[in-house]
Structures are given as structure tokens and as C-alpha cells.
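Letters are used for the chains, namely A, B and C, taken in the order the chains are written, and counting of residues starts over at 1 for each.
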Amino acid sequence: MPNLIIQAISKRFGQTVALEDVSLTLPEAKLICFLGPSGCGKTTLLRLIAGLEQASSGKIFLGETELSAIAAHKRNIGMVFQSFALFPHLNVANNIAYGLKIRGVDKLTRLKRAEELLELVQLSGLGKRHISQLSGGQRQRIAMARALALEPDLFLLDEPLSALDAKLREAMQVELKLLQQRLGITTIVVTHDQQEAMTMADVIVVMGENRVQQIGAPLEIYHKPKNRFVADFIGSNNFIPALVKDTQSVSALGSIFEIALPKSLKVGAQVALSIRPEKLQLYSSEPPKSSKLAGTIKFIRDLGSTVETFVEVAGHELSVKGIQHLATGDKVWLSFDPADAVILEV
Amino acid sequence: MKRREFIKLAATTGVAAVTGLNLNFAQERSLKVGVYGGYFKDSFDANIFPKFTEDTGIKVESVAEPTGEAWIVQLETAAKAGQAPADVSMIAQGSMLRGMNSGLWAALDESKLSNLEFVREQLQNKDAEGKLIGVGAVSWYITLVSNTDVFPEAPTSWDELWKDHKNQLGLLALSSNSYLLEITAKTFFEGNATLDTEEGLNAVFAKLAEVKNNVQLWYRDEGQFQQALQAGEIPMGQYYHDVTGLAAADGFPVRSTFPKEGGVLDSGSWAVSRAVKKLDEAHEYINWFSQPSIQDLVARSVGTAPTVKREFLTLSEDEFAAVSSDIEPIIPHYALHLNRGDEISQRWSEEITG
Amino acid sequence: MNHPSYGKPKNRWPYFLLTYPAIMILLLFFVPLCIMFALSFFKRIQSAFFEPAFVFENYVRAFSTFFLQRIGVSLWVAAVAAFICLLIAFPFTFFLSRLRRSRQVPYLVLLISILSLSEVIIAFSWSLLLSKTSGISNLLVALKLLDAPVSWAPGFVAMLSALVYISLPLAIIVLYPSLSRLDVSLTEAATTLGASPIVSFFNVVLPNVRQALLTTFILVFIFVLGSYLIPQVLGRPEHWTLPVHITDQALLKSNMPLAAALAMLLLIASAGLSLLTLRLGRSQL
């Protein structure tokens, strides 16, 4: 199966800009997550791929084929809608077999295929049920089964798990991932939940402000955010205002830090030094490290699995995560490995 | 009976019955008079009732009567409960008879009606025992009307309806308000007497059925026909003489002709329900209304034909011609419509309009 | 789809309030119906009014060929009008419900204002509109589509047009909620599954709004069945529906018992037909 290529796509609804110049190449047979805050255009991008919206400009290709030139109902794309959109007038089996029926597949084959798919989503024997008799989780699986019935080239899911309760959601994340690996269909899942994206995705496309902010593997996105938006959106982060001293170091909060800098940065530029709370170490006395800061503990929050400590350093509050045995008001030292810090333009 | 008014829902029945409760605490004398709603009530309110109050000191509260026979059904229902929605009502002739047969009307005291002598004999309603139960209030003619643009020559006879005028006629929709049976009987047979024999009635129905193809509109609502007549859309038919005259005066190309067989003279009478308490005032009103001078006023301001003999009136030739005619009128066969009405109207629906 | 469950009221008030609809139905619907039913057995006295009795002669007359034919005409007219009305109202409402909310409002306001027009005004406007002298045929002549102006009223088409016109807003307003509740993603889901717009209309949209369509059909059917002014003003005598004759009997012939018997007949015929239609609609689902 070929790559999905999105070429300079823009989409406007009247005055509203939903997507601005989006270009992406998405690998085949992978699970891709569109991740971003609400309103950033994830659904719109998915619907453009499915053909349910027409782009204001730009093209979409699946390998050599121009997808955006094909009518929506001829694209062979399986889609799971946020509301599931199951047909209330049909029973479960007929919902799953709807696409087959349209293609004129005979009834016996249809029913057999519906039963196979029910097995795939672990709901064997539910074919005769009415849609109104299903739980939310069951509907979710039926919607997936229906979308997969035609062995689509692309499998698109718009916030498929958002209607489920937390426990079921976590189980389904794993299940969806396993299903995708088994079928090997290029799958795009829209979500606004970064934890969900981290769990499932092979590739994450971080979207924000109607653009693509970064595309990459989950850990790459997590550890090497390309910009402030990504760093802010994925996990929690400390942002320390800093000044570029030379090509090797920055000064921040009264200290100098030796850090590899992007070549594009000029000496004297204002930047942000971004460091994750769990990458900061806390000491009660000055440690023998090069990258360190002195401060006072302002507040301690016990999160159960870990402890979050807020330390004031030169009028700036930093969050630190990790077990420690200190108390509010203690004088402490912070240090980190420069390799864990990311310098972001502001 | 409905004149110059759009059809209203029968739902008004209940409301009128309720508002009929007389809550008159004041000492001053007053009277509730029922007149057909719309044009009639408006003209009476403007020109007649104020004059009565001025002459007698009795205040008049006018009540709009609903269309058709709904009013007399209300009077009858109210009378059973000892109530009267109006003290004096203007009642069509068919309804007069219907009320008489059910004992609805109070007998009027002729000794209190000194002006009765002026009122034409046939406009005084008597019951089976000869007691006076109604006195002519207004009368009007239904005549042959035509559009002057389409028909430069005025027709002269009702037989014009039978001539070659395919889809050009507008006629009233019911046997009991068009009086077309009477018109046919007068034009082609021996008049109303023909309608009293079975063969005569059959012959009249057969003759009348011949006009069917000429009829474009069987109307219940006058406004609809009047508009079509004025526009020339339906250039001929039967209609009210007075209203046609008013339309002609307004510049519309219409005329009303008294055919040589006569126009149809229909009328309404003043009658008093047996439940009415203010009999003195009622008599005073009817007597006042029967004065020739008041009849002059009515003819001039309401436009109906006078109920008193012409010699007592001061109307000029033109004023008289505007509302009446000296040609012997066709008088509706009220008894036929009342006593055999169900059968006649059924035949009418099947053979004439059906 | 979902079955709301109502909690039990905690004090006596709600129970008391629940009796309100029952009382209103009794007062406004059941009592008049009983009076009418009783009246239909009263004895008509031709030259006067009627008297309490228990006779069947009104029904004997009501079941005469003439009145049965009238019922037939009434049901036919109502059914044709309701059908045409739906043919227009359904696509209109479907597209209306898919417009943006702010665009829908002016249309709905306009429709509701048409609802407020009385039957009288509508009947007379249409008779003018279809007349030879001032009607739209003059417009067609001016546009050279017609040689000479013609009169289209009274006539079957004229009557039907006005009946459809007067019931159209009703149909749209009844259809509107169910059509706007229809999830747009259902048709989109069908699209992604390979259904062309026409196919998805027939096997997704239609089955899901069928009950609403039937309900609307019946409502318009009954609404039209009750109309007497439009058939009377715009129809020829052969199109006069039973209500025209009921009105004549009640208002112009003081024959309340026959009017009541005819009304009962009409009521039973329309209720029976409506139930049948609903039953048919359900069973095919």
C-alpha cells in the first residue's frame, strides 16, 4: 500500500480558516494520530481525506492516484464517525454489510462477512441485535466493523474513543492498536488526548492553530518538540527565558548552560530553555554538576505515583517531578543533563 | 341568510350566547337589537340607532347576528334556558317560520304599534292563530345583474340565464337562498303555485337543470361573485339590486335589471324571542322603526327597500328606483323551503349543483 | 432510540398536575364529542328545529349515495392535497434543515406568518390569483407563454393549489424537527461506504424519516379534511367536500342532527384511515 500524500491543503469555511497550507507525507500501514487541541482542524483534515469536504486549495494523493479528484463514495475509505453514525433502521449485521449490499454482494456472502467482522471486533452473535440495544462500547466496535467490511485502503477514525469511559478507553486503545497491526491498514486516528496518541501511534501529527506543528514518532515528539506549541501541548514543561551567549551556551536565571544550539540562532537572541519536570534533579546541597540552579521550595504536591515540587529560582517557578524528602521553605539545588533540554525560539 | 359578510365559523355561537347575558345595572332604559353582522350592523350603528336613542332616550346595544340560521338556533337554545341574546332581532323569512313552528316568538301587541298601518301587509308576520309575531324591518331585491362591458344591452328577462352563456353565470349556491326554483316557475310556468304540485316541481327542476352548463360559479359568498362580476370574469348572474347599484355608482361596469318577471323580494322582520323581558322597549322600537320618515332614512342610508307602502314615503323617483321597483316582485316560496326543505335541497344538490 | 426513564415525583403536586391534561382533553375534546354524538341521534323537525330522541334517520340520510360520494370526494381531495404537500414540503424542509441555523430562522418565521393567514384570506387571494381578469394568466400572456388570459378558478386544480398552500407551512413545521434531528453523519457514513447521494437518500434518509413523513401526511390529511371554505370558494360543486355540506346543514338549514351525523361519519372515516396508515407504516419498518 502506498503513502498518503497531502499537498499544500488549505480549507476555509466562509471567513473561518480551518486549515492553512498543510503538507504531509504519511507512511503506509502505520497507525497515525492527528493530535491537537479542539478546533485546530483535525476533523476537517480527516474529512478532506475521506472526501466529505472539498479543499479550498491543494491536493491529496494515495501513491500515484489523486484521491482529491475522486468522488467521496468511490474512494474506498473506511471511516468511523465521532457519533458512530450507525443506521438506526438496520440491525447490526445489516449495518456492517451495508457497503457490501451497495456493491451488489449476495445476501449469504454478506451475512458471512458480517459474522467474520463481528468476530474480529469480538462481538460474535450480535448480528440480529437492534442498534438501540447496544452499549456505547459495542456501538464503537460495530462502527469499526462496518468501516472495515470493505477492506478499505485507509481507515479513518474521528475521536473514536472519546465517548467511552476512562477504563474502557484504555483497553480499547490497546485493542485498536493490535487490530491495526493485524490488518496492516493505514489508519488515522484523530484525538485531542496526548496520552492516547502516545499509547497507540506509530506516527503523531501534532496540529495547532490550523497548521501542522510537528510530525514524528511519539518519543521524538515528546523529547524533541520542534517549537513552543508542541512542547507546551505534549506533557508538562518548564520554560525558562534564556539568552544565546554563543554557539554553545545560553544564559538563564543567572547561570550559564552549555547546550547544543540550532545553527540558525544568532548570538544575543531571546530563546526559551525547555526542560521536562522529570528531567530535573533536586539536591539539598550543591551538587558537583555544571548545569545547576539554586532555589527555594515553594509548594509540594503528592501525586501518588510521584511527587511534584515547585521551586522558585530567581523569581521564576519551576516544576520538578520525582520522589524526594524535603519540606517547603528548604533551600535546594536543581540540575539537569543539557542533552535533555531543548532550546526553542520565542 | 347572509348578506355582505364573509362566512364565519359557527364557533361564534357560544360566544354570542355568553355575551347575551344581560348585565344591565343602570337605571337608564336600553335595548339590545340584533342585526346581521357586517354592512348592516355598521350602517345601523352609524345612521339608525343614534336617531332612535335621540327620539326615545332608549340606548341601543347592537348585536351582530352570525350568518345563516345560526342566530335562530342560538335564540332557540337560549330561550329554553330563559335567556335572550338580543331583545329584538332582524330575522329572515325562513327563520321566522321556523321559529314560529317551535313557538320561539313572543306575540306582539298590535295596540302598542300605532305605525303598523303603514307597513305593507305581506311584511307583517302572523302565526297560525293570526297573532302578530314579526314586523317588516328591511327588504331587498335579488335581480338579474350583468357586466356592461361584456353585455352592452341590458337583458330583459330571467330567461336570459337559459340562453347561450356557457360558463358565464354566477348563481347563489342553495335552493333556499337563490330562489331559483321560484324564478324558474315564474318565468316558464305558473309561478309559485307550480311548485305545489309534484309534476310542477319536477318540471321546474328539469327546466332549471338546463342552466347547469352556463354556471361558472355557484356562490355562497357574495364578495366572491361581486368581484368576478365587476371584473367581467363572470359577466352575468343573480345578485342584490342595492349593492349592484352602489357598485355602479362607484364606477364599476355593472348594472342591475328588474326582469319583466320581477325581481325576487326577500325581507327580514323584527321579531322578539319569548324569553325577552323588555317587551315595552321592544314594542317602542318596532313602532318607531315603522314610521314612514324612518323608512325614508333607512332607504337612503342603508339602501334597502322600504317596508311601508310607497305613498307614505318622500323618496324621489331616483331614490326609489335605487332600492326598489314597481314591477310585481317574485315572492320566495318560504313554506316550500321550510316544510320540504330537506328533500328539495337534496334534489338540488343532486340535480342542479351536483 | 433511547428510553428516558422518569423519576418518581417526591410530593403530591406533580400527580395533581398530571391530571391537568386529562381534564383538558375531557373538557375540550370528549365532552363536545359526546354532545355531537348524542345530537346525531336527535329527531330533526323539518319546519322547526330538533328534539331529543333516539332515532337513526340522520344516519340513514348520511349513508345515502349522495353523502357517501361526498365523503369519497373529501377523502380523495385530502389525500391528494396531503400527498402533493409532502412532495413539496419534504425536499424543502430537508434542505432547510441543512442550512446554517441563522439562515433557517427567517424561513421559519415566514412560514409561521403564513400559518397565521386565515382560510378566508387565502381562499380569496387564490381566487383572484387564478382569475382571468387579474390573475397570473395575464402574466403568462405578457411573457408570451399564453395566447389569452384564462380563468382557472373555480376548479379542481385551483382548490388543490390553495389547499396545498394553506397546509404547506404546517407540513414543514411538523417535518422540521425530525429532519433537523436526522444526523448528517448518517448520509456521510453511507457515502464512505460507497453510496452515491441518490442511493443514500433512498436507503438511509428515507427509512429514517418515514415515520415523520407518515405522521405529517396524516396531519395534513386531517387538516385538509376539515377545510370547508377553500373547497366552497375554489371548487366546483362536484368538488365540494363533506364539510361544505355539513356547514350548509348546520348553518343554513338548521339541521343540526344531520350535520352531527355527517360529522361523526367524517370523524370515523378519517380516524380509521389514519390508524390504518400508521399501522401500515409501522409494519413495513
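What to note about this one:
In the analysis below, a contact is a pair of C-beta atoms (placed from the backbone, for glycine too) under 8 Å apart; a residue touches a chain by one contact, two chains touch by 3 or more.
This structure is a prediction, so every number in the text was calculated from the model and none was measured.
Interchain contacts link the chains end to end along an open line, per the touch definition above. Central chain by Cα centroid: C, whose mean Cα position is closest to the mean of all protein Cα atoms. Across the structure, the highest number of inter-chain C-beta contacts is found for B-C. As a whole-number value, the distance joining the C-alpha centres of subunit A and subunit C reads 54 Å.
Inter-chain spacing, taken between the CA centroids of subunit B and subunit C, is 36 Å. One inter-chain figure worth recording: subunit A and subunit B are separated by 87 Å, centre to centre, where each centre is the mean of the chain's CA atoms.
Shown for subunit C are the residues in touch with two or more other chains, of which there are none. By the touch rule above, subunit B contacts subunit C in their complex via residues 6-7, 10, 66-70, 72-73, 76, 95, 97-99, 101-102, 173-174, 176-177, 216-218, 220-221, 223-224, 227-228, 231-233, 338-342, 345-346, 349-350, 353-354.
Partner subunit B is touched in their complex by these residues of subunit C: 44-49, 61, 64, 66, 120, 124, 127-128, 131-134, 151, 154, 229, 232-233, 236-238, 240, 245, 247-248, 250-256, 258. Interface of subunit C with subunit A (complex): residues 1-2, 183, 185-186, 188-197, 199, 204, 207-208, 285. Residues 50-52, 71-79, 81-83, 85-89, 98-99, 102-103, 131-132, 146-147, 149-150 of subunit A touch subunit C in their complex.
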